[in-house]
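What follows is a set of structures to go through.
Across the two complexes that follow, chain A remains constant while its partner is chain B and subsequently chain C.
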Partner chain A sequence: MKRIGEPILTVDAISLAFGGITALSGISLEIRRHEILAMIGPNGAGKTSMLNVINGFYYPQAGTITWKGETRRHMRPYQAAAQGIARTFQNVALFKGMTTLDNIMTGRLLLMRRNFLWQAIHFGPARQEELAHRTNVERIIDFLEIQAIRKIPVGRLPYGLQKRVELGRALAMEPELLLLDEPMAGMNVEEKEDMCRFILDINEEFGTTIALIEHDMGVVMDISDRVAVLDYGRKIADGPPAEVRISPEVIAAYLGQQADPHPPGDGMGGG
Partner chain B sequence: MDLLAAVFLAPIANMASNPEFVLEVVIGGLLAGVMYSLVALGFVLIYKASGVFNFAQGTMVLFAALTFVGLIERGVPIWGAFVIAAAVMVLLAVVVERLMLRPLVNQEQIILFMGTIGLAFFLDGFGQLVWGADVHPLDIGIPKAPLIIGGVLVNEFDLVAAAVAASLVAALALFFQRTPIGRALRAVADDHQAAQSVGIPLRSIWVIVWSVAGVVGLVAGIMWGSNLGVQFSISLVALKALPVLMLGGFTSVPGAIVGGLIVGVGEKLAEVFWGSAFGGAIEDWFAYALALVFLLFRPQGLFGERIIERV
Partner chain C sequence: MTASAPDTFPKLLLEHARLRPDRPANREKDYGIWQSWTWAEVAAEVEALAGGLSAMGFRRGDKLAIIGDNRPRLYWAIAATQALGGVPVPIYQDSIADEMAFVLDHAEVRFAVAEDQEQADKLLAIKERCPLLETVIFSDPRGMRHYDQLFLHGYASVQERGREFAHDDRGFFAREIAKGRGSDIAIILYTSGTTGRPKGVVLTFDNIISTGQNALVFEGLTNREEVLAYLPMAWIGEHIFSYAQAYCAGFCASCPESGATVMSDLRELGPSYFFAPPRIFENILTQVMIRMEDAGWVKRKLFHYFLGVAKRVGLPILDRQRVPFADRVLYWLGNGLVYGPLKNTLGLSRVRVAYTAGEAIGPDLFTFYRSLGINLKQLYGMTESSVFLCIQKDGEVKPDTVGRPIKDVEIRVAQDGEVLFKSPGAFQGYYRNSEATAETKQSDGWVHTGDSGFFDGDGQLKIIDRAKDVGRLERGSLFAPKYIENKLKFFAWIKEAIVFGDGRPFVAAFLNIDLEAVGDWAERRNLAYASYQELAAQTAVYDLLQGCVERVNRDLAAEPAVATSQIRRFLILHKELDADDGELTRTRKVRRRIIAARYQPLVDALYSDQPAGRIETEITFEDGRKGRLRAELGIRDVPTSLPMVEPVAFKKAS
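This part shows the complex of A and B:
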C-alpha cells in the first residue's frame, strides 16, 4: 500500500494572463508525494497553463511556487528538469528525426556528468557513463514494452506509440514529479488500458508523484487519488474522485447549467 | 554539331591525352574545395543546432577576418590576434544568443532566418565602422611557392589550407558526433520546447554552437584572406557555400566536406576542359548549375537526413 505524504509541490495564488486574457486567476494547489492527481475541467480552463507554470514554460504574474520546501516566484524549464520535474505534452513533442532509443536517451542528459564540455573532451569515462545510462534506458524500454521500435525514427511511429516514447523520455529523467498532459488523448481503448497500467505501475513501483490532465472521466475516476477541477482559470473543486463527481459546481461546469456565473466569452486562456 | 563535339568529344580527348594535367587540375580543385567546405561547415553547425539557415555566416567570416587583420596591423602577434579574434567571436555568440535567439525562442524558423539577415547587415556595417572599408593584405607566413610532388604541380599554400581544414573538421566531428552534446544538439534542432523539458540548456547550446561557427568562420576568413586579401567581397564566399550545402545536405558535417570537394573539383575541371565550349568563365556558375541538378533529383543532398523522417 502506498502512503501519500506531505505536499511536494505547492502553488499559491497563481495568476497568469496573456495580454487581457486571464488563463489562471489566483489558483492554489498542492501536489502530495506519491499521489496521482488528476486535473480536469472544460477546454480552456487553464489546465495546460498550470502545467506550463509548474515546469517553467510560463512565468505567472502573481503567486509563488514551492517545490520541495523552496519557494520561488517562478520556475525555469532547466531548473524544473534538473530538480526532478519531467513532463509530456498534449501534442507529442518528440525529436522526430531521432530513434526511440535516442529520444529516451535525451532524458538522461541531465543525469550525465554535469559538465557538458568536459564530457565532450574526455572520451574514455564518457563512453563508460554512456553505457551505464544505456542500460537504464533499456530497462525503461522493457518496462514500456517498446523493444520492437527501439531503432525506428519516432516520426514514423503511430500516435499511440509516440505517446509511449514520450512517457519513456520523461521516465528516463528519473523524476520525482511527472506531469502528463492528456496522456491518453487520441488513443483507442486498448492503448488507453496499457497507458493506465503504465501510469499506475510507475506510481506504485517507483513511488513517482504524478499530476495528469485527462478528459476521459472513466480513466480519471479509476486511477487518481485526488481530482482538482479547473474552470475559467479558477479551481472549483479539489478532493477524492467520489466526492468531486457529485459536487454541484463541477456538474454545472461540465453541463453548463445556470449555476455557471460566467457568461460565454468570459476571459479564459489556452487549454 | 560543332557545339556537341566541343562539349562531348573534345574535352574527353583532351583529358585522355594528358592525364597528368587532369590530375593536377583535380588536386587543385580538391584543395580549393576544402576552402568551400570550411565556410559551409559554419552553416551546417548552426543549422543543425537551431534549424536556422544563418544568412550572416558570410559576414561573420568577414568580420572575424577583419578583426584578425586589424589586430595584426596594430602590432599584435599572430597567435595573440587569433586568440583575441576567437574571443571576439565567442562574445558575438553570447550577444547573438542574448539579443536575437532568446527573444525568438519557439518562433517559426523563417523568423529566426529574418533575424540572421538583420545580423548580417549589422555586422557588415559594424565591421566597416570599427576597421574601415579598405582592403587589408594578410600574410601569416604560409609559403605560397609551387611544389612539384610526384611530377604534379601543387601550390604549397593550398596544401597548408587543406591540412588546417582537415584537422579542424576532424576535431569538430569528434566534438559533435561522439559526445552527448551531439544528441543534445539534434534535440534542440528538432523541438525547442521538448528539449527544454528534458533540461537541455538551450542557451548554452546556442552559445556553444555560434561560438564554434564563429571560430570556424575565423579560420575560413584567415585562409581566404591570405589568398585574396581581407575585403568585403569575402562575405560573398558564403554564396559559394550554398551549392556546397545543397550537394552535401544542410545537416551533415561530412556532407559539407564532400560537397565542398565536389564543387571544387567540378568547377576546376569544368573551367579547364569545358570552358572554351561555353565561352569561358564557367567556374563562376558551374557550382550553382550542379546544385540545381541535385535539387531536382536529390533535394536532401548526399548526406542530409531524409526529409521523410522529419515529417
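This part shows the complex of A and C:
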C-alpha cells in the first residue's frame, strides 16, 4: 500500500487580505508526501485563495510557506512551477487554438534545456530533446486515454475533455505536488468517475501528492486521505474523511447554526 | 494442401518465423507511433508466454479465456494456448459480468488473459461463481499495483517465467507444437445469439485453415496484405481475417491505438484487405456527407458533379466493361479531384478486397463505394461455417446477393426456404450442448443456417431473412420483417427499425432515429432539443421519418410478393435500443422478441386507434446502475400506396 510520508509543504499562520476583506486569517496547513488532500468549504471560504498562495499567485501579508524544507514569506509562480508544483484551474485555462498534443507539450517547457535558436533549427541535440519530451507527452496521452483527440484543437473539445487535457498539461511538468481546483465541476456522473479514477491512478502510479478543491462530497469522501475544511478564511477541521463528516463545526458551517444532529450526506454543498 | 503443409496455427507461426523472419507480423499503434513485431519476434513472444503458462500448470486441453480490445499480446495468447494444445476462448470485451460468468463457467475455463484493470475487475467480481477459474493474467499493469490476489499475474512476468523455463528445456516449444494435429480443437467461439444463452461453437484447425485458405486463393491474396484488426476478437470474422488468414498467408495484422481512434488509424495504415459490417460503411458515408455540407460551394459542386459521374460510369469501369472514351476521361479527372483524395482520407485507397457481411447493405451505400473504385463485395457465412460459404466474384457483384458458394462448399435450399450447407469449415458442434448441435447439424453433414433465401437467375444466393422470423399477416400473405426493416434502415435518419405484422392485420413499426444525422438535420433547421428523447418526439422529425416510410411503402407496393406488407402506423422510440438493455446483441442485431415483450404497451397502442402510446422502461447506465424512463410517444398513420396493377410501368416511372 502507499505510504504517506512527512509534510512536503507546510503553510504556517497565513493571512491574506484584499483591502478590507480578509480572505485567509491565520491558516496553518500541512500537505504530506503521497497523500490526497481535499479542501472543502462553502463558497468564499478561501479555498482557491489558499491554492493561489501555495503556487505564488497571491502574496500573503503574514505567515510563512515551507516547501521541501525551505521556508519563505511567499512563493513566486515561476519558482513554484520550476520546483515541482503544478496546478489546474477552476475555469479551464488552455490555449484554445492549439491541439491537445501541443497544449500538453507546453507543460514540458520548463524542462527543456535547449534555447530557442537550437529548437528553431530542430537539429541534433534539440531534436533529441524534443523526441524525449514527445515520448513523455505521449505517455500522458496514453495514461489519460485521450489518443483520439491528440490532433484536435482544444477549443473544439467538450468541457469534460478540456479538463482532462488541462490535467495532462499539469502532469507533463512531472510535478511533486499537483493542485487541482474543482477538477470535476460541471461534469456528468460518468466523467466524474473517469476523473476520480485518473486522480487515484496518478497518485498511485507516480506517487504524486495531490491537493484538490471539490464540492461533490461523495467524491471527496471516496478519494481523499485527508480533508481540510475552511470557512470564512479559517480552518475549522482537518482529518480523515470519516472524522470530518461528523464534526459538529463542519455541520454547522454547511447547514447553519441550528445544526442537524445527523451527519451530512453525499451531495451536500455545491452551489 | 500437401500432407507436409503445416496443419495448425503454431506450426504456421514457426514456418513464417523461418521463411520470413524479418517481415512484420503484428503492429500496434502505441504512444502515437506504429510499433511492429516481425514473425521471428512474434514467435519468441509466443514461446515465452507458452513457457510461462506451462510453468504455471497449463495442460493440454485446458481452456484459456481472452478478454480485451485488439492487442498483439492477446493474439499471441491465442497462439500460445494453441501451441500447448489448449483451447482459446475469446470473450466479447464489452460483456457485462453476468454474460462473462456464464461463458467462463460453461467453457470450463482455468486460465484467463485480461487486457487491463477494467477486464480484470470484472473477472475478480465473478471469480467466486467460476470455481474452475484459477489464474488471471493481465496485460496492462496500470492501476493493478495494489491488487494482492495470488492468482493475479502480470503478462510480462509470465513471459519472464517462460524464458527461464525455456532456458532449462530448449526444445519444449517445438516439441509441444509438433504434438498438435489439424483435427484438434483450435478455438471455441461463443455466438452472441439473438435468442437465449450464448452457444460455444467448436472449430478445429482443419475447419478454419481449409476455409481460410480457399478464400485466400479465391481472391489471390498474398503475404503482402495489410489488415486492420479492429473488430471484437470474440467474433469469428475478426478471428479469420486478422488471425487465421494472417497466419495462413503470412501477412501483417495491425491493431489500432484505441476504439476511438480506428478511423484515423485506418487512414494511416491504408489496409489492402478490409472487412467492415454495413453500419461502419454507413457511418463513414454519413460523416463524409455531413462534412461536405459544411464545405465551400466550389468544393461542394465539384463533389456532387463527380459523384454523379461515378454513379453513372464507376461500376462498369470497376467491372472492366466497355465505357465510352469521354466518360473514361471524366472518371479519370474525377479520380484525381474527388475520388482519390476521398479514398485517401477514408484510408481506403489501397484496398484490393473489401468485404461487408452480417447484415444486408443498402444498394445506394454499396454502389457508392463501388463507384469510387473500391472493390467492396458481399459474402455469406457464419461462425458455424468458419465464415466463408459464398463470396461474390470480381465482375459479378450485385447489391442484393451474397455470391456463389466457394470451393468445397455445397449449398441447398430446403422446401421451407431455409438455406443448408456442407463445407470443410462446418463446425464440430456446440460445446456441451448436444441438443442444440443435433438441431443444427444433421447426421448426414448438412448444417441448418436458420436463414431464409433462394438462388437468383445467375446462381447467386440471396438471403431475405432469418427463417424463424418470416411469418404471415392475418390474411395469409408473406411477412419478412428484416426485409422491410432493412429498407427503412437504408435511410440515414433511421438507425434501427423493428416491424411487427406476424398474425396481425397490418404492418406497424418502431423506429430509432440516428442521433448524429437527425441531430445535424435539426441543427441546420434551428430546431432546439436538449436530449435524444426530446429530439425523437419533435413533430418535424416525425414528418421527416414519415417521408421515409412512405417511400418504403412505394417500394414495397412495386413488389407483388410483399405489397401487402406496407407500413400503416409507426412510432419513434424515445431511447436508443441498446445491447446493455438486452435489446440488441453485442453485434448490434435486434432481439425482436425481447423488444416486443418489453414494449408491449406500445405494440398494443400501434394496433389500436389511439394517437399515442405510453411506456415506462428500465434502462441500464454504462456503469451498471439502473434507472426508469417514462414517456408518451406519438403514433403516426401513414398512407399506403396501392399495389400497382402493372409493376413494370411503375418501375419505369420511378
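The rule is simple: the second predicted complex is superposed on the first by the 247 of 271 C-alpha atoms of A that agree within 3 Å, B and C clash if a C-alpha of one lies under 4 Å from a C-alpha of the other, contacts with A are read in each partner's own complex, and residues count from 1 in each chain.
We adopt the following convention: contacts are C-beta pairs under 8 Å (C-beta built on N, C-alpha and C of every residue); 3 or more make two chains touch, one makes a residue touch a chain.
All values derive from a computational prediction rather than experimental measurement.
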Three-chain arrangement built on chain A, chain B and chain C clash or fit: fit
First (chain B), second (chain C), both or neither touched by A:147: second
First (chain B), second (chain C), both or neither touched by A:190: second
Touching partner for A:206 - first (chain B), second (chain C), both, neither: neither
Of chain B and chain C, the chain that contacts the larger number of chain A residues: B
Partner chain(s) touched by A:254 [first = chain B, second = chain C, both, neither]: neither
Contacts of A:135 with chain B and chain C, given as first, second, both or neither: second
Least Cα gap, in Å, left between chain B and chain C after the two complexes are fitted on chain A: 14
Residue ranges of chain B in contact with chain A within the complex: 174-175, 178-181, 183-184, 186-187, 190-191, 193-202, 204, 208, 305, 309-311
Residues of chain C defined as touching chain A within the complex: 30-33, 142-143, 145-146, 257-258, 260-261, 264, 621-623
Sites on chain A touched by chain C in the complex: 1-2, 134-135, 138-139, 141-143, 145, 147-148, 150-151, 189-190, 193, 197, 201, 204-205
Chain B contact footprint on chain A (complex, rising order): 55, 57, 77-78, 80-82, 86-87, 89, 93-98, 102, 105-107, 109-110, 112, 116-117, 119-120, 123, 126, 130, 153, 155-156, 169-170, 173
